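Two complexes come next, and they have one chain in common, chain A, joined by chain B in the first and chain C in the second.
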Partner chain A sequence: MTGTAGYRLLLAGLAVVTALLFVCSLLVGPAEVDAMTSLRALVSDEGGLMTLVMREIRLPRAILGLSIGATLGLSGAVLQGYLRNPLAEPGLLGISPSASLGAVIALYTGVAAAFPLGLPLAALAGAALAVLVVRVMAGTDGGVLSVILAGVAVSAFAGAMTSLALNLSANPYAALEIVFWMLGSLTDRSMTHVWLALPFMAFGWAMLAVTGKALDALTLGPDTAASLGVDLKRVRFLAVFGTAASVGAATAVAGAIGFVGLVVPHLLRPFTGSLPSRLLPASALGGAAMLLAADILVRVVMPGRDLKLGVLTALVGAPFFLWLVWRTRRRMV
Partner chain B sequence: MARHRHRYRHRLAAEALALAALLPLPPAAAEEGAPRRVVSLNVCTDQLAMLIAGEGQLHSVSYMAQLPEASMLHEEAARYPVNHGLAEEVFLMQPDLVLTGTFTTRATTALLRRLGFRIEEFPPETSFDDVRENMLRLGRLLGRDARAAELVAALDRGLAGGAAGATGKLVATYSANSYTSGGGSLAGAVIEAAGLKNLGARLGIAGAGYLSLESLVLANPDLVAVDGREYDAPALAVENFVHPAFRRVAGDTKLVNVPARSWLCGGPFNLEAVRILRAAAEGTGR
Partner chain C sequence: MRLDLKSLTVELGGRRVLDDVTLSIGEGEFVGLVGPNGAGKSTLLKAIVGLLPAGGEIALGGEAARSLSARETGRRLSYLAQEREIAWPVPVEDLVMLGRAARLPSFARPGPQDAAAVARAMRRMEVEALARRPATELSGGEKARVLIARALAQETPLLLADEPTAALDPAHQIALMRVFADLAGEGGAVVACLHDLGLAARWCTRIVLLDAGRIIADGAPLDALTPERLRSVYGVEALFADRDGPVVHPLDLAGRTPG
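For the complex of A and B:
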């Protein structure tokens, strides 16, 4: 399955699964309306209130599920390749929690209300800061443990500061909203959120996508890669700001969703011949599929409870992470 | 029809006047042997106690009683020293009766009971029967039966007017975090008393429950009752009110501002919520 034909088959399969899950996401909701009526309401103007539900409630939710999942899968694959660390992932490295902190500061101080772009930009700034800290801590030899430990510290700090910012808010509901910022949700998001986040995410994807070839060379080590003509500074710039832009915008509208960026690249790596350039598109599709599936599950398993997405992704991701730590440790011994 | 409506307005005005007359306390001494130093720890018992207690009988109310967003009698409450439901401050007040809700300040209640204070707990009201019962019970406890009976009679007179103006329109309450009031809730009882139908109850929600934006849009109620409170700072909890789908289905003509304080606790002041809803239902046509 590692040949070019097999790889194309994998991408086609993932694309079909993602497309099916996207349609499925459009069809799931508290209002039990059959599939044909729902889809007709989406495309025609004569569906009345159902048209409103499809276009303003379910469509933005499905688009955000798709694009945020793709963001997490893609950035996880890039971070693992760039840091040459199997445990790298936006959530574990503190990038998503820091983006949450940026978004929380912009939203609850009222900056986001006065200047809508302030929300994704502040989240982007938070994410960029976290990537830079982790990058500095990783050093040139990229020790597996130092990166993860830096991530733990950044996560804990960002989480605590988010809690502080919410506690300081004059709004009585703010303090309870830490759950959203820590675990993420797509409930009742609107097209406004899509327009706010999608351009930044697309910009980030473009930056991350062009790192593929350089990451292939980096698997041989930074010195070899440099001798092969890879501009390491350029790769760093693309990886850091591509992750910051996409993960920042995703977190600004949906909160921090963990483990997608960890699990997806690992599951797909064996099918891509361990070539990062092939892993990137596959991980983007895989991440989209995983998040769409999780978002469908929260609506089917516990309707009306607004179960957070991070709960489901952690149920799958945390045991997987422990298994990875176990395997990494054995290899290091 | 026009004359009927005119007469109806007249009656509404009369009821409002009667309600206003109830609010200031007619000072009168309590019976012999009745508690003389009552401390209330819950915003609902605070308000009933302010209405029912005799002059000098009520010593302290909770700090929430002074908050305009939670208490109908917040101005009245300014006359009393406030407590924050802490055992220590209540102990120092040395009350001979402590009034509390069954769901709030549990630790304080347990501690005060161990210290030998007399505690009376009041469950939150979910119907007008509960409201009557709580008022009469507090009247008995304070030795103010006549005053309590008077308030219950006023409440009943106000409620009797509601049946006449029944429009049967569908109303949904919608608050922060997409919560609604279903069947078996005081807000639901107020809606029925105003001659309207409650969407939450129709959807099978018991008490307070989550109402998805989708269900709200598809149910397309005639009226959407919101608190209308402006917060000092933004929060995600109130983002549901600016969602484009909510705006489309609950345009300005359908939104009714029913202050939370008017139906958060049971009391004669619930008639204010009934009046607001009834007036809104009369003003909108489908």
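For the complex of A and C:
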């Protein structure tokens, strides 16, 4: 393998940037306290109010930013590698729309207001249901096309049901709450959310991380990969269920956050020699860095207005993606 | 390594694509698998690799292929698919290295012997100069040679190649036939689907002629390829000659007078 040194440098650089952004995320907020005091309040037990702010508000937010960003980056890279399509992203399997639908149902029926974990649990149930439908529809032949088609159908249905909930919502405040939730945000999440989502995400990461070598072989197409000893059914199981566990949990606590899973693998692929196995860790770190940065931006750009994270990632992500398409097209001509 | 097929039968969508194929191929053989479109050549190779459900028995080196793990199968045979697929702009040498994946445990990194195998394969296919180029930016013929190098890097005793000469210019077609003949000479076994009867007749040690899923002829090139069989199976008239070896060249459709 060549370029190993450059690749290690890339991973180290991304890790440093992610760590810095994580600390930065801890230091940004409406409570204007200097950095040293904030960090001291985080680790000491006698800080009073500031300790509470750091541990109950900023720390969960930073942890969720880090882990959800990593989830989106990693699952995006795995799905692009598995489907051999640079346009694949975590939403493609219908998992984020279905998790959103679960959350919307919780908001609509009042389950979300009845007890604090009602909403994320309903979202997780939505994600689980989606993955079961995709699994059944996709059959047992290990094919890729049926997975995509099943995902598209599930996405469309979940989207339609979400629209129906909005349509029938008698209470405009409930409708507004649904819309706001769907925009995606990390505001006012607690450690409870972290403990709910993190185990699922970690489980999903473990499943996604072991697909690297199989995805490399899949670069040569499914037949050649199978002849190289790749078990196509196992790869599909890991990619689909790993995405469901991690992205389902991420959507359950933060809503649908688009474009990170699409753009980050694209952006980093050229620096990793395009091999999927090398892209996975880079894309996980890159996703974490991008989401932490975006979550810092929403707090800095419009402090009083509660700019939604999902809005910002799409706002920055879409033009950036256009630029990527433009650059790719110019190279192809 | 011996390859033994006994009563191999494959049905796809209710249609019998391979019908009772029994065949044994030993070390040192370069077998040309020929036959018209739809005869079942690619299906036969895929069934041997285990990509299609097949009835009958397949044995690799005397052991039932079904009883072998996927990794062990990858140590015994390499397969060049007909589809020349390269999904990502991976540098050529990294792509050829993928041929070593079957030999490595899950998280092992390639070692010096893997690098040496990749270098040998790239030298054989004359693609060393392309080592750092992204594989997706190569010409059709260059891509084909890189993918053959990928299969050679696997260094298996049995190589199955589906239309390996497609997209190659005449010099590279002949060079490839020489590589396969050399592999057979070194004690390997090569089975290649070929459409070019001239190349098959001249370079293969043995020809297996398939038609409608059955073996029509099996033997030395000129024993298997006869004017009558080319007429009945392909529907073509061919020139047969000898110029330091057999020359077979299709001239016209059977039953038509030239000109």
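Throughout what follows, the second predicted complex is superposed on the first by the 244 of 333 C-alpha atoms of A that agree within 3 Å, B and C clash if a C-alpha of one lies under 4 Å from a C-alpha of the other, contacts with A are read in each partner's own complex, and residues count from 1 in each chain.
Convention: contacts are C-beta pairs under 8 Å (C-beta built on N, C-alpha and C of every residue); 3 or more make two chains touch, one makes a residue touch a chain.
What you are looking at is a predicted structure, and each value in this text was computed from that prediction instead of being measured.
Per the contact definition in the header, classify A:E56: touching chain B only (first), chain C only (second), both, or neither.
After superposition on chain A, A:E56 lies in contact with chain B alone.
Going by the contact rule set out at the top, does A:V325 touch chain B (first), chain C (second), both, or neither?
neither
More residues of chain A are touched by which partner: chain B or chain C?
B
So in the superposed three-chain picture, is A:R84 touching just chain B, just chain C, both, or none of them (first/second/both/neither)?
In the superposition, A:R84 touches chain C alone.
Name the contact category of A:A19: first (chain B only), second (chain C only), both, or neither.
A:A19 contacts neither chain B nor chain C.
May I ask you to decide whether A:D231 touches chain B, chain C, both, or neither, giving the answer as first, second, both or neither?
It touches chain C, and chain B stays clear.
For A:L132 in the superposed arrangement: first (chain B), second (chain C), both or neither?
neither
Within the complex, which stretch of chain C touches chain A?
46, 49-51, 69-71, 73-74, 77-81, 83, 85-91, 93-95, 97-99, 101-102, 106-107, 109-110, 132, 134, 147, 150, 154
What does chain B use to touch chain A in their complex?
176-178, 209-210, 212-215, 217-218, 220, 231-240, 243-245, 248-249
How about chain A: which of its residues touch chain C in the complex?
Result: residues 1-3, 84, 210, 213, 216-221, 223-224, 226-231, 269-270, 273-276 of chain A touch chain C.
Looking at the complex, which residues from chain A come into contact with chain B?
29-31, 33, 49-50, 52-53, 56-58, 107-110, 112-113, 169-174, 176-177, 180, 188, 190-192, 304-306
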